[in-house]
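Below: a set of structures, written as structure tokens.
Look for chain A in each of the two complexes below; its partner is chain B in the first and chain C in the second.
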Partner chain A sequence: MRMFATIAKLLVKRVLTAIPILLIVSALLFCILRILPVDPAAMSLPPNATVQEVEAMRAEMGLNLPLYQQYGIWLNKLFHGDIGRSIHFRQDVTSLIGSTLPATIELAVIAMGVATVFGLAGGLFLFYVRGTRAEAAMDFLSILLLSLPEFLWSLFLLLIFGVFFEVLPFTGRLSPGFERPVVTGFLLLDSLITGKIPTFLNALEHMILPCLALGIALSPSLMRVLRSSLLDAYQDDYIQQARLRGLSEKRILIRHGLKNAILPTLSLMGVQFGFLFGGTLLVEIIYSYPGMGNLMVDAIRNADLPIIQGAGLTYCIAVLVISIVVDSLYLILNPKLRVR
Partner chain B sequence: MAIPSANNPILSAKNLCVESLGGKESFPVLTDLNFSLEPGKILGLVGESGAGKSMIGRTISQYLPNGFSVTKGTLAFDGEDLVTMAAERRRNLLGRDIAFIPQEPLSGLNPVLTVGQQMKEHLLRIGLAAGENWRERALKEFEAVHLPHGAALLEKYPHQLSGGMCQRILIAMAFASRPRLLIADEPTTALDVTIQARIVKLIAEMQKRDGTAVIFITHDLRLASQISDEIMVLYAGRPAERGPAKQLFSAPAHPYTRCLQLANPNISGPRRGLFILPERMPGLRVLKELKGCRFASRCPNAIEACTETEPPLADIGPNHIAACIRTEKTPDIVPPPLAPGREIASTRIHLNGEKLTKAYTTAWSPFAKRSAFKAVNSVDFTLGEGEFVGIVGESGSGKSSLARLVVGLDTPTDGRITLAGRDVTANGRSEKAYRRQYIQMVFQDPQSALNPRRRIGSIVTQANEASGLHTGARERMDRAAELLKEIGLPPDAAMRFPSQLSGGQKQRVNIARALCTLPRILVADEIVSGLDVSVQAQLLDLLLKLRDEHGFSMLFISHDLSVVRYLCDRVLVMYRGEVVENGETETVFADPRHPYTRSLLAAVPPDDVNTEWSPVAAEAGYQIE
Partner chain C sequence: MTFEIDRRNLLQMLGLAAVSGSALSQASFAFAQETDSVTIGWPSDVPSWDPNLRFVPDAQPLFKMVFDQPLDQSPDLKLIPNLITKWELKSDGLSMPFEIRSDVKFHNGDPMTMEDFRYTFVERIKSGLKLDIANSWRTLTDIEILSPTSGVMKFSAPTPTAPQWLAFLGSYLVPKKYVESVGPEEFAKKPVGTGPYKLVDYQMNSRIVLERNDDYFGTKPKIKRVTIDIIKDPSARTAAIQSGQVDLTVNIPVREAERLGKTEGLTAEINPFTRLILLQMRNDMGFTDKAVRLAAHHAIDKAALSKAFYGGAAVPLSVPATPGTPGYLPDYKFAYDPELSKKLLADAGYTADKPATFKLAATNGQFPSDFDIARALVQMWQKVGLKVELEQIEYSKYFELNRGGKLPEATLYSFDNATGDPEIFSGYLMNPKMPFGAWKGQEIGDKILKLFVEPVYEKRIAGYKAVAQEAVETGANIPILQSVQTLVRKKNLNYVKYGNAWVLGSTMSWS
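Let's turn to the complex of A and B:
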């Protein structure tokens, strides 16, 4: 019970501190993008528009008002869920983000799952071989893996499984001929809800390579952190004491060692998950995956300010949410942090 | 040499040798260990750190450090050799027939599991009777170790409990399986005196209930003599003396035992000087080159012959053996005369506290009402020039909080502190600067108090950085050399790092650092706890010597009453933030007025092994836990 009270307390506190953070980020996004030498009015008009037409457009868009007023208007609209219209796509930014964000979330969550499985398994294995000859080899291997970035993995996996063996698809989210069900926006979830198992399997096939690429790239650092936290935990008296009570090594590792060593690993996972939102970008491009990353690249290429602002805010919210989730998990796993 | 007995020994060692074989060189860790322990008996293992006491426990469990292994001899548990036994069979014995109680109760329990989860795990492993519920059984075991509110305790995490309670839980766990052998490795070192007494009594009580044989490992010979039937004194991995506890304590045959005894200050009778054991025990790595007696280099009775061959363990009385060729000379070792009493040059008062109070309020929270807790409550004290004043009390009594107020790490919520005539209560920037000229603090744990990345020379002259005087490299090195000489370290120590020094040497450096700018007052918080008695004696005499030279005064915080009795002119007894008794050390300890002082004194194991130690009775009405 005390645990839930503490988590509730944490949530209230974190949501309250999130408000000023979001205000500061939104102001930064707004100002920085206004300073850029791009004229949104000129961009919204055809190239042969006259100066008068541009001026009229500027007045219409409110660009001749003082900056703080512009920010006020923008913020007010933001509160009503209106981030503006994309200049390039001629679509509401909210609907653009609404259609790409679920794709990125699905990619990031599954990739994180892959990284967790590989990271934990690898970390336990690295710990298991400590002090043996295999340790040096494993150590070398984990550093080698650590130094390969995710886009390289993307290319490797694409070439091997997509091009050479031709066993897995590597473009988009669905093969041609499949119809996309829309309920929540999350493709895997929607295809399950509507009972379209073949669509679900096809979508899953498309996710394998990008998720593997991201997961494999993230896992070596998890492995190494878990291994070193396990080594630390094994210096502590309670491990020795558990041995002296005659518990089996396996039980000591899982129940006593891992339960303590998982804490630093968890905070690293939180940080990685935050980065993953921006980090899917290259992988999305390589696999032509229609997520936020691809949307961002298009937006930046076309200086599409409303999208950049919207995506920036989304990223900020995602990071805040992840940090709250990680901190809550920390409270659940580490009783010392709970109020006495 | 074996003690004749009708009973079969539960544990017996025959010519047991443990060596470190890993790495470049091999060296002996334990040499020719012989002993046998019968059911229901307690064997005390005594010696300085590094003597190999804990290694015996590790040999029994066969969880030896990397590269260590048994190279000779046998260690039989109930007739079965633990060394050659299959690992699975041995693991089966651990926790069921052989139980362990650790040194650090707080870290002996897993911090992320509740007491109940850990108790359940253990009870399920040792097996419950048919139809028995683990919870009921756990409560029963808690009751046996006098832990009240067992049901609530099961939901708690270790960090929510005191060290004494954690140790009781670990004892309950250890005795839950009615083990035949228990190894208690310094089970009370990390605990308060009063708690120590109760825990020791509890172990004895449980041991009697189950007829368990116990190996009680401690560095405190006095404590060992109170609880044990037999004592074995270890020196550098080899038994120096073994014999019935009372006999060994009242008439030690080996000079080492005698020296250890005399290095510890006495708590009753006239105060005596401390025997200073010079230097340190030889390191395990040099033992192989060492001919003759391992103790010869520090022995006051050593003669030429002692350095030629290693003395065998010889019978010197019934069941009493010692490895010394001159045991008849041992009683000649006497403590040095007590340093002459301090000449009080003036009655000037350096430091004066009036109605000092430090209250802590809980942090603001919308969910709970703020509450205040007075760590220090209306304390009056004075510290005169050249005076050593002891502050005693248990953890949580406010000793350290008072010290923090005195050195200015905290600002009092009420009351007044005057330092050399100036009111420093406000503790602002100018008061802090003023304080720095007068007061320095020596911290408890030299391991963490010394920056591991700085050289000793730079550590001891750190105060020059703050004062801004004599900050030149040359000046600092000169001052460092002076300081090191005063504390008895070689001059080349200035270039070393803390990790290259022993625990006792580090604590000397810690003292030298505080003395650098010649403060008038030292505040020392538990600076000798956790050190060997030999090192403790060296440091206590060092402090007295330095006072003679520099005339500083000191607030000496300690939980060890015999140390305070030896060192301090006056004593303050603190209980729950208040001073309950205050006066000349001799008077207070000889005729304590407050029941709490009486209970503290009763908790110290008596000097005379024939005096009955009844700490728990004296505590009636003064419950701390």
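Let's turn to the complex of A and C:
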């Protein structure tokens, strides 16, 4: 009961803190994008528009008002659920983000799952082989994995499994011929809800390469942090006491060592998930994955400021949510924090 | 400490592998080729399925499969009848009587009528919707309906390129009744056209699935289903055609196209098309002196650029028009002559101690090898004593910089004109009232403005030829190369090659 109360208290506190953070981020985003030498009015018209037409559009978009007034108008609309209208696509930004966000969330969550599995397994393995020759080899491997960015992993995996072995698809979310159910926008979930198992499996197949690329790129840092946390934990007295009590090494590791060593790893996972969420751009482009990263690349290419603003805010909200989740997990896993 | 895999762990792992293996094999994706379908790897998506909304040259082949244009172009870019069967621009250029087909149906079964024409080109624009075609049909005041199949387009000023614009950007017929009943937003979600294919599935930035319109009035496509995979990354497009995930793709690096052309089962082409690579020139700052502009032009070895970056397939240009188009001057050549460049600079008083200097702006990634070409230009200019500073700009900022007079002396630029008409080449590039060109010299500008209202075709074309040559000889424009489209396809997939790089599923067939 006390745990739930503490978590609820934390949630309220974090949500209240999130409001000024969001306001500051929105103001920064708004100002930075307005300072850029890009004219949204000109961008929203075809190149053969006259100067008069551009000026009329500028007035219509409120771009001739002082910056604080423009921000005020934008903020007012934001509170009413209107992030603006895309210059390039001429659609509501809310609907554009709404249609691409689930794909990115799905990708990021599964990629984080891959990173967690690889990271934890690798970290445990690194810990197991400490002091042996295998440790040096694993160390080398983890540095090698760490030094390759996710877009290189994307290309590498695509060439190996898509082109050389031709065993995995690498474009889009589904193969041609598969019906795409639309319920929540989360394709895996929707295919399960509608009972389309072949679609589910096909979608899963399409996610293997992008998720591996993202997951492999993130896992080395998790491995290394877990290994060093375990090494620290094994210096503590309770490990010796557990050994004196005659507990098996496996039990000591899982029940005592890992439980304490996982906290810094969890913290890192939270940070990485935030980065991952905003870092899917190139992977989405390479794998033609129709997520928010792909949309963001279009927006940047076309200087579509309303989308950039909307996507920036969405990333900010995502990071805030992730940090709240991680903090809650901290409370669940570490009783000492609940006492304080 | 050792890491052990015991028998139980091993069996568990094998079990998991077997389950996932069998599951994935059941859902395996199809590499197998079907003769009534084709998958195209295309580099960009449509901005919206409302075809009147935005001008995006690369999206035109996609629109052309779902919608029809009043007039069409043959593979060699001649205007041909389509929805409009007869047209005649009057000698004053102020009106154009036309006749339409009576046997055309929209995908929802509604017949196409003159009301749809009037709606698309007049009523929709006047309704205040923000459509890009409003800018191309600025002079169109009305379409007078004379009979169910005939009407007259009426213009407020002579509009000599009206027929060309009926086959150009954004000019696609939309169904009045349907659009008015569902609204523009819903129309963009579920588009209805008269084209050879119907849109059956669309996922933005990922896939377009089209199915043959069996009621199509024109030649029925041989391919029943066309899938367009939007693959923005050139490496991924290369991988997709190599692995067989797509049957045809375009715009991959020239070297990759050449390599894939030697692969069994594939064939590659490097096709020049109606896109120019040129230098937009200013007539002030470091380019006030005509001698400097001409010296810069004579110093460019265009053939070497073509060989280095486009496998020699990009045609070196001397005028801002592509071969085969009406404004092209096949017998006119602007010489590559670095010695003449040096002489021009020396005669104008420039020396090694006091060199002519200017800035060159270029995009990086807007068109193939753009920044590499810019770097090569800087080196070529250095050899003749021109001191040039290279800066990178974003394409999206080009028009803004040009409007504000903030472009440097020269900007490497690519300009697309699927019609091939010289108004949309030389005219748009050197009309001082339009935002495309950086040249604001009034002498050439005045000549161009007169040609914009010249209704007699022969006179208009001759005028553009003369002004294009004059622009080059005064250094107002430095055309460099005709751009190329790389295309790789399965050997047994046939398609019709268009001079403007349209790649249409409706022209494809398997052999």
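Everything that follows uses one rule, which is that the second predicted complex is superposed on the first by the 338 of 340 C-alpha atoms of A that agree within 3 Å, B and C clash if a C-alpha of one lies under 4 Å from a C-alpha of the other, contacts with A are read in each partner's own complex, and residues count from 1 in each chain.
We adopt the following convention: a contact is a pair of C-beta atoms (placed from the backbone, for glycine too) under 8 Å apart; a residue touches a chain by one contact, two chains touch by 3 or more.
The structure presented is a predicted model; accordingly, all values stated were derived computationally and were not measured.
S.K.: Kindly classify A:R130 by the partners it touches after superposition: chain B alone (first), chain C alone (second), both, or neither?
M.R.: Only chain C; A:R130 stays clear of chain B.
S.K.: Have a look at where A:L67 lands relative to chain B and chain C in the superposition and call it first, second, both or neither.
M.R.: A:L67: touches no partner chain.
S.K.: For A:M43, is the partner it touches chain B (first), chain C (second), both, or none of the two (neither)?
M.R.: A:M43: touches chain C, not chain B.
S.K.: Does chain C touch more residues of chain A than chain B does, or is it the other way round?
M.R.: Tallying touched residues of chain A, the top partner is C.
S.K.: Contact-wise, after the overlay, does A:L75 reach chain B, chain C, both or neither (first, second, both, neither)?
M.R.: neither
S.K.: On the A-aligned overlay, A:R90 touches which partner chain: chain B = first, chain C = second, or both, or neither?
M.R.: After superposition on chain A, A:R90 lies in contact with chain C alone.
S.K.: Who does A:R255 touch here: chain B (first), chain C (second), both, or neither?
M.R.: First partner only.
S.K.: Figure out whether A:V51 sits in contact with chain B (first) or chain C (second), or with both, or with neither.
M.R.: second
S.K.: Quick one: is A:R180 in contact with chain B, with chain C, with both, or with neither? Answer first, second, both or neither.
M.R.: Second partner only, chain C.
S.K.: Jot down the residues of chain A that show up as touching in both complexes, chain B in one and chain C in the other.
M.R.: Chain A residues touching both partners: 131.
S.K.: Which residues of chain C touch chain A in the complex?
M.R.: 1-3, 23-24, 26-31, 37, 39, 41, 45, 47-48, 53-55, 130, 132, 135-136, 185, 188, 201, 203-207, 209, 225, 227, 229-233, 235-236, 239-240, 242-246, 394-397, 399-401, 403, 428, 433-436
S.K.: For the complex, give me every residue of chain A touching chain C.
M.R.: 37-39, 42-51, 53-54, 88-91, 99-100, 125, 128-132, 155, 158-159, 162-163, 166, 169-177, 180, 198, 200-202, 204-205, 249, 285-290, 294-295, 297-298, 301-303
S.K.: Inside the complex, what are the residues of chain B that reach chain A?
M.R.: Result: residues 61, 63, 66, 91-96, 99-100, 102-104, 107-114, 121-122, 125, 157, 159-160, 170, 173, 365, 367 of chain B touch chain A.
S.K.: Which positions of chain A touch chain B when the two form their complex?
M.R.: 5, 9, 131, 236-238, 240-248, 255-256, 259-260, 333-336, 340
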